[in-house]
Amino acid sequence: MTKPTLIALLHGPDQPGLVARVAGWIFERGGNILHADQHRDMEAGIFFQRVEWEPAFVPPAEGTPGAAVEQSRLRSVAAAEAEFTRFAREELRMAVRIVSSIDRPRVAVFVSKADHCFHDLILRWKAGDFRCDLATIVSNHADLGDVTRGYGLAFHHIPVTADTKTAAEAQQLELLRSLRVELVVLARYMQVLSADFLEKRGGPVINIHHSFLPAFAGGRPYHQAHTRGVKLIGATAHYATRDLDEGPIIHQDVARVTHRHGVDDLVRKGRDLERVVLAQAVRWHLEGRVLVYGNKTVVFD
Amino acid sequence: MTKPTLIALLHGPDQPGLVARVAGWIFERGGNILHADQHRDMEAGIFFQRVEWEPAFVPPAEGTPGAAVEQSRLRSVAAAEAEFTRFAREELRMAVRIVSSIDRPRVAVFVSKADHCFHDLILRWKAGDFRCDLATIVSNHADLGDVTRGYGLAFHHIPVTADTKTAAEAQQLELLRSLRVELVVLARYMQVLSADFLEKRGGPVINIHHSFLPAFAGGRPYHQAHTRGVKLIGATAHYATRDLDEGPIIHQDVARVTHRHGVDDLVRKGRDLERVVLAQAVRWHLEGRVLVYGNKTVVFD
Amino acid sequence: MTKPTLIALLHGPDQPGLVARVAGWIFERGGNILHADQHRDMEAGIFFQRVEWEPAFVPPAEGTPGAAVEQSRLRSVAAAEAEFTRFAREELRMAVRIVSSIDRPRVAVFVSKADHCFHDLILRWKAGDFRCDLATIVSNHADLGDVTRGYGLAFHHIPVTADTKTAAEAQQLELLRSLRVELVVLARYMQVLSADFLEKRGGPVINIHHSFLPAFAGGRPYHQAHTRGVKLIGATAHYATRDLDEGPIIHQDVARVTHRHGVDDLVRKGRDLERVVLAQAVRWHLEGRVLVYGNKTVVFD
Amino acid sequence: MTKPTLIALLHGPDQPGLVARVAGWIFERGGNILHADQHRDMEAGIFFQRVEWEPAFVPPAEGTPGAAVEQSRLRSVAAAEAEFTRFAREELRMAVRIVSSIDRPRVAVFVSKADHCFHDLILRWKAGDFRCDLATIVSNHADLGDVTRGYGLAFHHIPVTADTKTAAEAQQLELLRSLRVELVVLARYMQVLSADFLEKRGGPVINIHHSFLPAFAGGRPYHQAHTRGVKLIGATAHYATRDLDEGPIIHQDVARVTHRHGVDDLVRKGRDLERVVLAQAVRWHLEGRVLVYGNKTVVFD
C-alpha cells in the first residue's frame, strides 16, 4: 500500500539556510523526503520550493483493529500538515500551500457547447489521470446535459444573458460553495467571468485560451491568426484573473499550420492543442506543481 | 550534368483550366515538369502556382564546340523564361516571377554587432545551401569587418545615427544598386529601415524578429517574454514592410522555456531559433518557394 | 451546397507530359481542378499524383424534381469516376485509386481493453472529422461493449486464444465482408493479425504502434524505451503488413521525457501521442492523401 | 563580481535524511545553496542529487592587497571542494563529482571533414556559451587545419588507417594527457574509437550520432532512414562506450521530413539537429548537469 504523502509549495523572501531548515525539520520528525525542488528568482529575491515527503507514522499497539489504525494514520498526516504549515508561516515567514494525498480536491468544470475539452477531461479523470473528484459540470447551455449524465456526473444548467449575468454568477458561486469546490476549470466556457465573481470565488480558476498568448488575446483568435498569416497556432492554459487573457500562464503549446489551412482547419487542429494543454495544466495544478507569484508561475514539473 | 530548370511563381484571380493551360503550354514546347504545386484561396478567389520544369533544348549540330553548345543552352533557357513570362501575363493575366537555375541572385546581408545569424548564413552559403552570391556584408558598426574579410567577403561599414540616417540610407541604396543586389537579408540589423528606404529599394528584404510575432513586436522581445512569463519563446522571419514587425510572415518556430530561464537564457536559446528560422526563410526565398499576397505568404515547401 | 468532388491517387513509371495530360483530360470534360499535387521519386523513376476536381454536371431540364436532379448528379459523378479510372489505367498505364465525396467508406475499429484511441476516434467521428461510417467496433474482450453501445454503435466480441485464433480470424473476415468494411483501424488491438488474415482481407489496415519505429519494435515498447534511457518517446501509425511493425509508415510524432518519468508516465504521455498520430493517419487515409509504394508512403498533406 | 560556486553531483544507495544532511552540512559551514535538485530511482533504490552553492569565505584583514585576497578566496574554494568530497564519500558513502566555477576544464574536439558541428562549437565557445578552454582540435584529416588556425586554435592532424589505428590512438592518448584534457567531444569524427582507447582514456567522451538512437545505429543512418520511410529524423548525443552507439544518451531531438526529402535533404536538415543537440549536451556536461548511472543519464536541466 502507498504511504500518505504531503506536498508543500512554499515561497517568500530569500534567506540563508532555507533548504537546510525545511529538510532538517522534516528529517527530525522522522519524515522521508521523496522530492524537493527549489528555485530562486534572483532579480526579485524570492525563494520557491516544492517538497514532497512521507510524514512519520507510529502505528498503534499490535492488535489494534485495521480501521482504527487507518484513523490513526489519517490523524497523523493531518497533524503533520498543520504543524508544517505553522512552521512555514511562523518560523520561515513563507507563504505555503499543502496538497495532501489523503484529500481529493473537488473540481467543477464549466462548459458551453464545444465538447472536446469536456470529453477529454472526463475521460482522463475516469482513466485515473487526475487525483480529484468531479463535483459537477456547469454550463450556460443545456446541450451537454445528457452526455454528462451518461457519464454518471452531475450537470447544472445555469443560463447566462447580459441581463441575468449577475444573478447567474451568484447562482454559480452558491453552487460552488455548497459543493465545496476547490478548483474551477473553464473548458471552453464562452462567458467572461466578472471581476466580482473571481474575487468572491477566491479559489483558483484555470482557463484555456485558444491562442499562443499574448498573441491574439480576445475573441476569435483562430480568425485573427488566419488573418495575420502566422505559421504556428497555439493554446494557452492560465489562471483566470480580472484582466481578461492576462492571468499567469501555466502551459502553452503550438502546432504548425500552412497557407493550406483555412479557419476551419485551424479550429480543428487547435482542438488537439487545447485538449492537451488544458489537461496538462489541470494535472500539474492538482499535483501541487504550480506556484503563482505576481503574474507568473513556477511549474515544478 | 544537371539540366537547367525554370521555376515560375504565378498568382492571380482564379479561372477554370489554369492548371491545364500551364501544364499544356510547357508540354507543347517540349518542357518536362518536375514539380507543380498549386493553391486556391477560396475566400479571396485567388489561384497560386509554383511550377518547376526543364525547358526543351535542341542542341546544335554535332561537332559544335562545347562552349558554343553551352551558349546556345543559356540562350534557350532565357528565351523560355521570356516566353513563359509573356504567356503568364498576357494570356493568363497572372502575376509571375521566375527563378532560373542559370542565374545566381546577388544578396546583401545587413548586420550590427550580434554575429550568430551572420556566421550561420555565411557558413551555410559556403556549404552550398544557398544558390546565390553574397555580394556584400553591410553594417552600421565596424565590429564584424575583420571576420567578414577573413571569410573572403566584402564588408561595407555605413554608420547610422539619428542625424545621419537619411544620408546613410541613401548610401546603402546606392551600394545595393551598384552591386546589383536582388535580396537584402537583415541578420539582426538593429536599425529600423525607413519607409522611404523600402520604397526606393523595391526588392525583397527579409528580416528576423526575435519573437513569435505578433506577440512581443517592437523592442526587447525577450525581456517582454520574460516579464509576461510565457512558456515558449519564438522567432519570426518576415518580409520587411513600412509597418514595423507587420510584414508577411515566411517562417516561425518556438522553443520551450521555464521559470528557470532568465532573460540571458532566453537570449541564448533564442539565438538557435533565429539562426534556423532566418536560414530557412532565405533558402525558401532563393528556391522560389515564397509567394506574397496581401500581408501573407504562400510557402510551397 | 458543396459540389461533389473526385480525388484520384495515381502512380506509375514517370513519362513526359503526365501533369499536362491529366489536367487536360479533366479540363476538356468541363471539370474544375481544386488541388493537384505531384511528386517524383527520381531514383525509382516513379511519378505520384493526387488531383482533386469537381466533375462537370449538366443539370436536367428546368422543372425536373429535386430528387431526380440529385439522382442525375450521382450518376454523373459515378460516370466521371469510371471514365477517369479507365483513362488512368489504359491510356496513362498508371495505378489509380479514387475517393469520391459521394461515398462514405465503411470503417471497422478493432480494440482490446485500452480505450484512449477508441474514445478519441469515436468522438472525432461524431464531431465530423472523419468522412466515413463506423460500421462496427470489434474486440477480443467484452470490456468496451457497454460504452460502445452507449455511443449508439455496434459491438462484436470475438474472443481470441492461441487455440481459436484461426477460427476467430475467419469470423472477423466474414464480419468485415458482411458489413462491407473498406478500412480496418487497429486502435491498440493487442492481437497480431496473421499473414493469412491480411492476405484474405485485402483492404487497408491501419495500426498504431506505441514507439518511434523502427526503434522499439515488438512488445512493451515503453519498457524498452525506459530501459534504454531515451529522451523522446514516440508513436507510429502504419499500414499493417505480414512483417510485424515493418509496414509503410503514415505518420509519427514524439514527446520529450526525462529521467523523472517512470514506465507509467511514459505510458500516460504516450497515450496522447497515440491518439493524435492514429487519428491523423486515419483522416489522411480517408481524405485520399496517402499513397503506398514499396514499403513507403507518399502523404499529400 | 560573481562569487565562486561549487556544484556537486552525488549518487548512491538511497538512505533517510540525505537531503537534510547535505543541506545541513553546507549551511553549518556558512555556505549558501543556490540550487538543489534531486531524483530517486524507486526501482533501483538510488538517490541522485545536484547541489550548487557558494561556499563561505572569510576575507583576510582589511588592507590586505587585492591579489592576496583573491589567492585566499581560491584556497578557500579548493578547501571547501576537498572537504565536501570527503564528507560525501566517507560519511554519506556516495559517489561524487564536483564542478568548481574557478576551474576551466580543458576540452579537445575531434573532427574529420564535416565542419558544421566544428564551426558551431567554436562559435558558441567564442560567444561564451561554454565554460571551458578549447585545448585543441584533433583530426584524422588535414582539411580543417587552416580554418582552425584562423580561429586562433591549435590543430593536430593524426591520420588514421586500418594499419595505423593502434599507433594513432596511442598518439591521441598521449596528446590528451599532455594537454591535460578532461573532456573529448566527437564532432562528427568518422573513426570508431577502440574499446582500448576508451578504457585508457578514462574521462568522458561525448559523441553525436546522426539518428534517433536506437533507431538506425551503425553507419549511414540517413540512408537507413530514407529507405525505411520514416517521417521524422533525429540526432542523439551520448557518451561513447565500448559498445558502439549504445552509450548513455544525454540529449535527442527530431525534425519532420516528408517523401519530398531525398537523402541529401535529410543530411542537410540533420546538420541543424546535430549542431544543436551536440552543443546542448556539451553545455549540460560542462555545467555539471549530467550524471551517468548504468547505461542511462540523469540530466538536471
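Note that the chains take the letters A, B, C and D in the order they are written out, and that residue 1 is the start of every chain.
Here is the rule we go by: a residue touches a chain if its C-beta (ideal position, glycine included) is under 8 Å from a C-beta of that chain, and two chains touch if they have at least 3 such contacts.
Since the model is a prediction, treat every value here as computed from it, not as a measurement.
Comparing mean CA positions across the assembly, the chain most remote from chain C is D.
When the CA atoms of chain C are superposed on chain D, the rotation angle comes to 180 degrees (nearest 5). Look at the contact of chain A with chain D and you find the same residues on each copy: over half of the numbers used there are shared.
Chain D has its Cα centroid 45 Å from the Cα centroid of chain C.
For the pair chain B and chain C, the distance between mean C-alpha positions equals 38 Å. Residue positions 39 of chain A each touch two or more of the other chains. Those residues of chain B whose C-beta lies close enough to touch chain C in the complex are 16-21, 23-24, 26-28, 32-40. For chain A in complex with chain B, the touching residues are 39, 41-43, 48, 212-216, 228-232, 234, 248-254, 258-260, 262, 295-299, 301. Contact residues on chain A toward chain C in their complex (touch as defined above): 115-116, 119, 123, 127, 129, 150, 268, 272, 276.
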